[in-house]
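Should a chain be cited, it is by its letter among A, B, C and D, assigned in written order, with residues numbered from 1 in that chain.
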Amino acid sequence: MKPITDQRHIMLRVAEKQIESQEFATLFFNYALPFKPGQFIMVWIPDIDEKPYTISYHSKDRFAITIEAKGIFSQKAITLEKDDLVGIRGPFGNGFNIKSDDTVAVVAGGCGMAPLATLVEKLNKNTTFIHGAKSKEYILYPDRFDLDRLFCTDDGSFGRKGFVTELLENEIASGKSFDRVYTCGPEIMMYHIFNICEKHHIPCQVSLERYMRCGFGVCGACVCGKQVVCKDGPVFDSSALRGIKDFNTKALLKSGKDVNLAQYFSWRCK
Amino acid sequence: MKPITDQRHIMLRVAEKQIESQEFATLFFNYALPFKPGQFIMVWIPDIDEKPYTISYHSKDRFAITIEAKGIFSQKAITLEKDDLVGIRGPFGNGFNIKSDDTVAVVAGGCGMAPLATLVEKLNKNTTFIHGAKSKEYILYPDRFDLDRLFCTDDGSFGRKGFVTELLENEIASGKSFDRVYTCGPEIMMYHIFNICEKHHIPCQVSLERYMRCGFGVCGACVCGKQVVCKDGPVFDSSALRGIKDFNTKALLKSGKDVNLAQYFSWRCK
Amino acid sequence: MTIQFLGKTLKNPMVLASGILGNSRDILERVHENGCGLVTMKSIGPEPRDGHKNPTVIDLGHGMINAVGLPSPGYLNMENEWEDLEKREFPLIASVYGGSVKEYRMVAEFVSSKNPDFIEINISCPNSEKHGMIFGINPQSSHDVVSAVKKVINVPLIVKLTPQAPDIGDVARACEDAGADAICAINTVGPGMVIDIESKMPVLAFKKGGLSGPMIKPVAVRCVFDIYKAVKIPIIGLGGITTGEDAIEMIMAGASLAGIGSAVRYRGIDVFQKVTREMEAWLSDHHYSHEDIIGAAHKEG
Amino acid sequence: MTIQFLGKTLKNPMVLASGILGNSRDILERVHENGCGLVTMKSIGPEPRDGHKNPTVIDLGHGMINAVGLPSPGYLNMENEWEDLEKREFPLIASVYGGSVKEYRMVAEFVSSKNPDFIEINISCPNSEKHGMIFGINPQSSHDVVSAVKKVINVPLIVKLTPQAPDIGDVARACEDAGADAICAINTVGPGMVIDIESKMPVLAFKKGGLSGPMIKPVAVRCVFDIYKAVKIPIIGLGGITTGEDAIEMIMAGASLAGIGSAVRYRGIDVFQKVTREMEAWLSDHHYSHEDIIGAAHKEG
């Protein structure tokens, strides 16, 4: 019988902590977690809170999450040390759809790199890999992959100065033809990537983010249009995205109040 | 996954009814019940009561129970007709221990024939099969088996006049050597058979009967000495029987009061 | 099988429980499209409320425990949603809660002006220190809040009860007397608590939470059975329903409609369709209509 | 790990719940031999009683439902058993019930003369129309029966509570004030009802029954947590304990001893041994003693 990991928390101790930069830390756990790139887990720090995180490293008996310090929870999370106790449940949601022979592009923005990392490790060598961030310090895993990466930053402090959207357009203009584009980052960035894909008739997969409680499709905290992000997503493909009228427009606050994304995302992936 | 039959009732309709005699009827059900000879089920007649019954016929997708009319429940049970609804749960308990090469004797008294019937069908041809009852009408399944049977009745109305204990003693005296004796019937009869076996150092297996509620070893209604009849039995072997000081002496009424067997069994297997 | 319920026609007897998904018109519509005859909004409160910190909802396998803590934008902060909902093409229950008779009345009166098909008052939520539950365990306080709300709304009133009432039949009767048009039962059971032994901490941030899902079905069936004995108004029975047979059991206990919450986890958002089909199959096998079996477990004696 | 409990030494913190097997000295002894530190007899009543007709106990997989209906030979009809029990070499709780304060006192006084190690009064059984439950949901009536019984017995008094009390902490405090030496919690949850849809009949002959086993554990843990907050006397925590981790959870909620009933079905009569071993392994892994973790889930704030 396969272990039931998506009910009560499995309590794990931090096996290793890797400081990625001032803003990011990665926590490793020695545990054989069933997992597909794009899925997420709920991470509970006892006495603090519980939030969804993507798996950023995964092997047979080890996995990690990478956290960007933002609010109370994530700032606490990056101060955890070896042997500190956290509870996890999951994995939840559907991961990315992978066809190993396809020629694809991966477009990461800021901490949107985290869910794409384990995906990239499953893709073939002619993947086009675009990675942007606000500035140098926000570039996650600069040396992790043996794929070439096209870097850009808003301020030019690392790679090209500019946006990932421009890099993708350039690649397409230069004659590359993609079977699929995978992207994660600020929702507005993903929205633009999606539109570029629509224009060029390239199937696209994006990973959305909403406030979550249950993680398994019951409480309704994470709904986005007719989609339940925790359960139907967090990864959505082009055909789903075309139907999500809240994509890049609306999200629910903790209270359930719907607000525009500027209000909701001001704190996210700065 | 094997069907869970020992929790809530499985509701079944009587598929066929076979009148055995004025006192006995057999109800057949078309259902694939997992089962070992000697195990029992709890039979619920809605609005009436629920009582334990042994399986008296068993094949891949059919089974039956044979009921002797005694009190309210069993008198109602023998009036059930095709398509009437009953609930069953089980099987419960441990069945007989069968080794197919052994030379064995089976000793049935009255309706104690019922649990032994499916056992006999699994035994080999040189089984010694002794069957006694008060009188002719109480001889169950007179024509069922293709084994020879030694019959006796208290009044001589069928087979020899006398008791099954005498028949067993005769067989042993005539030089038969048994690897094991199986018996079911009035407790006093089983007690005597057990003592004969002890004298001749023959392992013995008897099927006990006590008032039952849960059927699965929780409520304590059926305890007999240190044994829980529904769960540890109803079949007990010689080594267990030697330790049961209530065997043939004591049983609990519905209220939990312990009484001697005369009081408890006056109604049973007349 | 279309159903008549308090003057409205429903496509089937399935009801979405309050607090399950019902956070926006879009998702309510999806639940309706997935075979649910009548959908309930997440309970609406008098003020904006974030609810409790996480963990708030944990699956225990045979059911779940939650202390979401009645998050609500507050009844005055939902203009977008009401605008969306006015264009709906499905029947809707608006669920409301308050901390006092006055608050219940205030919220319900406002919500009534937004034309839901029904208003449900949640006098039974165990997840907030101040709200709800206190009314629902007592016949007198239940009567007070029901009669106050009844006066100010112009849609039928459903009252949602808690199994923690010492005699739920008494509470239901008091609600009926006060003018309730239907009863919804049950809210979550307990409360319960789950402690993680490694951290020695209650798992829910609020420590205690309400139980739902398959494990509470026997309690829900008993409550509906007791309520059916006590009142004449129709009952929405819910608590642990996961299959068509569960729904039929609830209806036999006395429910007219069968609600579903936690089973959305166990069988997906199309659980409503699945359960309806299973019910229909069972009913047609047995040559019964939905109405034939309402309260069928109540025999004389 | 030997344990001190109200002046007696127990070989471990495991308790056999009342109504489980405890029908005779022999079987109580076997439970003790199978690793149970303290065993409880089936509740003893004022008069001979057969209990309800079958079905009385049904397994639901994640727990069970029962309405055995307090069968008892009656306290004056147990001479054989008392004689047997006088020769026992294991610690024993005698559980008693009554229909009035007078009956509780009468039965308890007599039973006390038979020298059980402890007397437990079951003021919480839901399976009889007349007995028990009515006392346990109310602090005042609980106080009355406890103080009456306390006066006439000369062994420590344990009071067994029901989770149906609107505030179980209040009830526990009333019992402590009235002289109770320990609290046992919880009795079964609900009541619940299971209806067979083919026959349209409640499955239990008594229709309603109490829930026990894994599904009630969150309710039991919450009750013990509330009681621990309310009183200083020790608690026997039970309800759904099946594993060593369950027992530790209950102890962290505030229990000193951990009781087991339904798990005899799920793990066999040697469940006491198994759970003790699992507890011991966990405690030694974590370098805790049994005492270290009693009430450990109660943090400040």
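We adopt the following convention: a contact is a pair of C-beta atoms (placed from the backbone, for glycine too) under 8 Å apart; a residue touches a chain by one contact, two chains touch by 3 or more.
As the structure is a prediction and not an experimental result, all values here were calculated from the model.
Shared contact partners of chain A and chain D comprise C. The chain with its Cα centroid farthest from the Cα centroid of chain D is A.
Centres computed as Cα averages put chain B at a distance of 35 Å from chain D. Averaging Cα coordinates per chain places chain B and chain C 51 Å apart.
One inter-chain figure worth recording: chain C and chain D are separated by 33 Å, centre to centre, where each centre is the mean of the chain's CA atoms.
Centre-to-centre, using mean CA coordinates, chain A is 66 Å away from chain B.
Shown for chain C are the residues in touch with two or more other chains, namely 60-61, 194, 201, 299. With touch defined as above, residues shared between interfaces to two or more other chains in chain A number as follows: 47. If each chain is drawn as a node and touching chains are joined, the picture is a simple open line. The list of touching chain pairs reads A-C, B-D, C-D. Considering their complex, residues 60-63, 65, 137, 164, 166, 189-195, 197, 200-202, 207-209, 211, 214-215, 217-219, 221-222, 225, 245, 248-249, 252-253, 282, 293, 296-297, 299 of chain D touch chain C. Across the complex, chain B is touched by residues 19-24, 26-27, 29-30, 42, 48-51, 53-61, 64, 66, 68, 71-74, 77-78, 80-81, 194, 196, 198-199, 201, 203, 205, 261-262, 264-265, 268-269 of chain D. Contact residues on chain A toward chain C in their complex (touch as defined above): 4, 6-9, 11, 42, 44, 46-47, 49-51, 85, 87, 89, 213-221, 223, 225-226, 228, 231, 245-246, 252-258.
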